[in-house]
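Chain lettering (A, B, C and D) follows the sequence in which the chains are written, and residue indices restart at 1 in each chain.
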Amino acid sequence: MQAAFFIIAALIVIGGLAAMLVRKLVHAVLWLMVTLASLAALFLLLGAQFVGFAQILVYVGAVAILIVFAILLTRNSEWAKAGRLASPSWLVGVGIAGLATGCLIASILASSIPPGVPVPPAASVADIGQKLMTEYVLPLEAVGLLLTAAMIGAVIIAMPEDKRG
Amino acid sequence: MTFMAMITCLPHMLLLANPDEWLVRLKQTIVHWLPGPWQFVISSLITIAVLIAVFGALFAVATLIERKGLGRIQNRPGPNRVGPYGVLQPMADAVKMLIKEDVVPRAADRVVHFLAPLVLVAPVMLAFSVIPYGQGLVPINLDAGVLFFFAVGAASELAVFMAGWSGHNKYSLLGAMRAIAQMISYEIPLVLSTVTVVMMVGSLSLVQIVAAQGGYWWGVIPRWNIFAPWGLAGFVVFMIAAIAESNRSPFDLPEGESEIIAGFLTEYSGFKYAVFFMGEYFGMFAISGLAITLFLGGWHAPLPYLGWVPSFLWFFGKLFIFLFVFIWLRGTLPRLRMDQLMNYAWKCLLPLALINIGVAVIWRFTAGWPGPLRWLVCALLIVLAFVWLEKTWMKSRELKPRTYHYAS
Amino acid sequence: MIPLKAYLVLSALLFGIGLAGALSRRNAIMVLIGIELMLNAANLNFIAFWRFHPGTEPLAGVMFVLFSIAIAAGEAAVGLALIIAIYRHYKTTNLDRMDSLKG
Amino acid sequence: MLGEGIIKGMVETARNFFGSYHDPARFVTIQYPEQRVPLKENNRNFPFLVFDGADTEKGLRCVACKICEKECPPQCIYIVPERDAHGKLQKHPKIFDIDISTCMSCQICVEVCPFDAIKMDQEFELSTGDRFSNLLLHKQDLAKPNDYYHKIHPTEATLVDAQLAKERQLAAQRKAGAGAAPASPPKHAPEKLVPVG
């Protein structure tokens, strides 16, 4: 279990770093997929089976393809050539991110979380379905509405302007 | 030691009342003789090895059946040179593929080009692990088996994109874009028609879905989902979407060799091409296995007094029928056009699948009705929906008299 | 066994990577990828807390992550549609060049 | 009905599938190396040289006039006439090569030959591993007996034989009439035989 955690954690961090550092956008997406798939593996390791599969289904199956389509639709030679990847104020951005991460890690390490590992809570698919249909039915409906709105919005935004009228 | 134990066990195993147990017992016997910590590892490895061997052999047989069957459909004998009746043709093909030069274009992204076939095949092999092949013969009984199947199936889209993009070839990219558009469009009716089954059974586990289809109505008609009206409609929608999902003819636009060379496979040759080819066949087997599990009762025998036949034989028998239907369709139907393909997915299959879910809901809440009436009402609703769709479709396709501008 | 803190530190690292990328890359799509990383870091936190401190509400963490994944998908769709629309107008995805308010 | 055409097509292919097993008449395929379709009489492939009698060398009708060499559009024929000890040209080829990798089977050499010495062959299984030496046919490869010519093109060969016999008879008459005068070639070339079809 320990080895599995460390391998997956290394994959997550390496994938994330590479996704942010590589030059080619498609490579960045592929590295992002490494991170997200490893994250799904971590969810499985933590006993959240349903979430892990949903993560793969949504991110690898949908979001990756969306980003890839966006990359191909906005292709220009600007990024392929040698040029600065980062914005002029990149040092500030990295500094802020480093500061935030430092604060987070410091507070995590300083916190008094009990070190024990409790029994894994059961999360069977039937339970999740039951909950979704009873207690969480309102959020579920809201998400349905939100996704519909997002889809219609995305279609209208991405439509060529002359066809929009 | 292990071997001797197996030998001594064999007669005992053959005398078992239930023939389905043979394979399970065999594996248990082998694993039993191993030291404790190794049991899990070896048990998994045996399962993996059997899966790869069985489906690898099935792949070889399928290519042969496909070539022979297509030949017969076109009144040709098909391959008949290598071995008696050409049965060794798959070996010859494999040797040819293996010794061919592996060409990588100079402009290609080598790493992605290399990874694409692996990313295609590995998830498909994972998908094999949740299908119940027989009574007790399921590699992993996952609680969310259906979700797992579709989740790993999603990776094939990424693999197709990687293959198309890495070649730096416009035909590859065109083929990949076509394939992704097609796969995403047809995944929706595929999942929606699966939802009806999941809704009726009340479980995402494929083992439970098969178990729910056991038994017979009036002792004759098996309780398979396909014999319910929503199951029949769902099966048809599922199969059409499945053919599109596995990029088979008539939905083989991504590889349309008369238009875009070989689509995303243009820059692949030799062993990598063979791996892609294998991945596509494996995908076909996996999705056929899912269709059998969801609608055709999995490993259940079609008639009650045929229960003595080992259950996995029923599963693979059904799989072979599916294989033949795939080949038959390929031999019959011409390739669709891209706009027809998209229209078909979004304007025909999607409404049908949604209406089918509604019909399944009605079926669910009319459990108290007499059987035939319930059946007729639900079937009528689906037929009405189909007729309505047909009318709108036919209207848009009405032929007008052709006018000639220059000839009088 | 891995303690909860290890998961939290991993999540913080992932969040930091995403934040750094989103703040410093010039390409709009890369910024979106950074935001996805940050969202996933949050999801990891939810699942880790759910696993180690179930609390009174047994499935709250899983539910939260499921909704978060759904919303992330919607966010990605709208965000990429916006990028495509902006690309049509400015012919670039470089965020530094999208500096005119006149449109 | 929507889907009607698909069902019709499926029935048709199923009929083909099962029909091909019990109705051999449906099979259009020939199992080539074992089974062969008899070639049509007018089938032609590459030229060969006809010889009369038994001797390959002496019986050759070719007189090395080089007309075919000059007429050949892809220039695949190469002829060197025989010379005797004094360097005098003989009516016999010393070298007669045809590069069948360049030959385009146009039959012009046959049309122009005044002596019916070159004819079209039907041999088509000529694939070889060495395209430089094995596809360059020499005199001994090209020379084939008149019987062979009769076998592959019976009608045409009979006509040619009749024509040649007539010419020989005319020549003999002329020789007898002109006494010791040197034999001259016929005033105009005999009417050529045009293959039917």
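Operating definition for what follows: a residue touches a chain if its C-beta (ideal position, glycine included) is under 8 Å from a C-beta of that chain, and two chains touch if they have at least 3 such contacts.
All figures in this text were calculated on a predicted structure; none of them were measured in a lab.
When the interfaces A-C and B-D are ranked by how many C-beta pairs touch across them, A-C comes first. Centroids of subunit A and subunit C (each the mean of its C-alpha atoms) stand 5 Å apart.
Rounded to whole angstrom units, the spacing between the C-alpha centres of subunit C and subunit D is 79. For the pair subunit B and subunit D, the distance between mean C-alpha positions equals 57 Å. Centres computed as Cα averages put subunit B at a distance of 35 Å from subunit C.
Shared contact sites, meaning residues of subunit A that touch two or more other chains, fall at 50, 54, 62, 69. Not a single residue in subunit B touches at least two other chains. Under the stated contact rule, the graph of chain-to-chain touches is a line, running from one end chain to the other without closing. Listed by label, the pairs of touching chains are A-B, A-C, B-D. Residues of subunit A touching subunit C in their complex: 1-2, 5, 9, 12-13, 16-17, 19-20, 25, 28-29, 32, 35-36, 39, 42-43, 46-48, 50-51, 54-55, 58-59, 62-63, 66-67, 69-71, 73-74, 76, 78-79, 84-94, 96-98, 100-101, 104-105, 108-109, 111, 113, 115, 117-118, 120-123, 127-128, 131-132, 136, 139, 143, 146-147, 150-151, 153-155, 157-158, 160-161. Of all the residues in subunit D, the ones that touch subunit B in their complex are 1-2, 6, 9-10, 12-14, 16-17, 19-21, 26-29, 31.
The touching residues of subunit A, when paired with subunit B in their complex, are 26-27, 30, 33, 49-50, 53-54, 56-57, 60-62, 64-65, 68-69, 72, 124-126.
On the side of subunit C, the complex with subunit A involves touching residues 1-10, 12-27, 29-30, 32-34, 36-37, 40, 43-44, 47-48, 50-54, 58-59, 61-63, 65-67, 69-78, 80-85, 87-88, 91-96. Looking at the complex, you find that subunit B touches subunit D at residues 69, 72-77, 80, 328-329, 331-333, 386, 389-390, 393-394.
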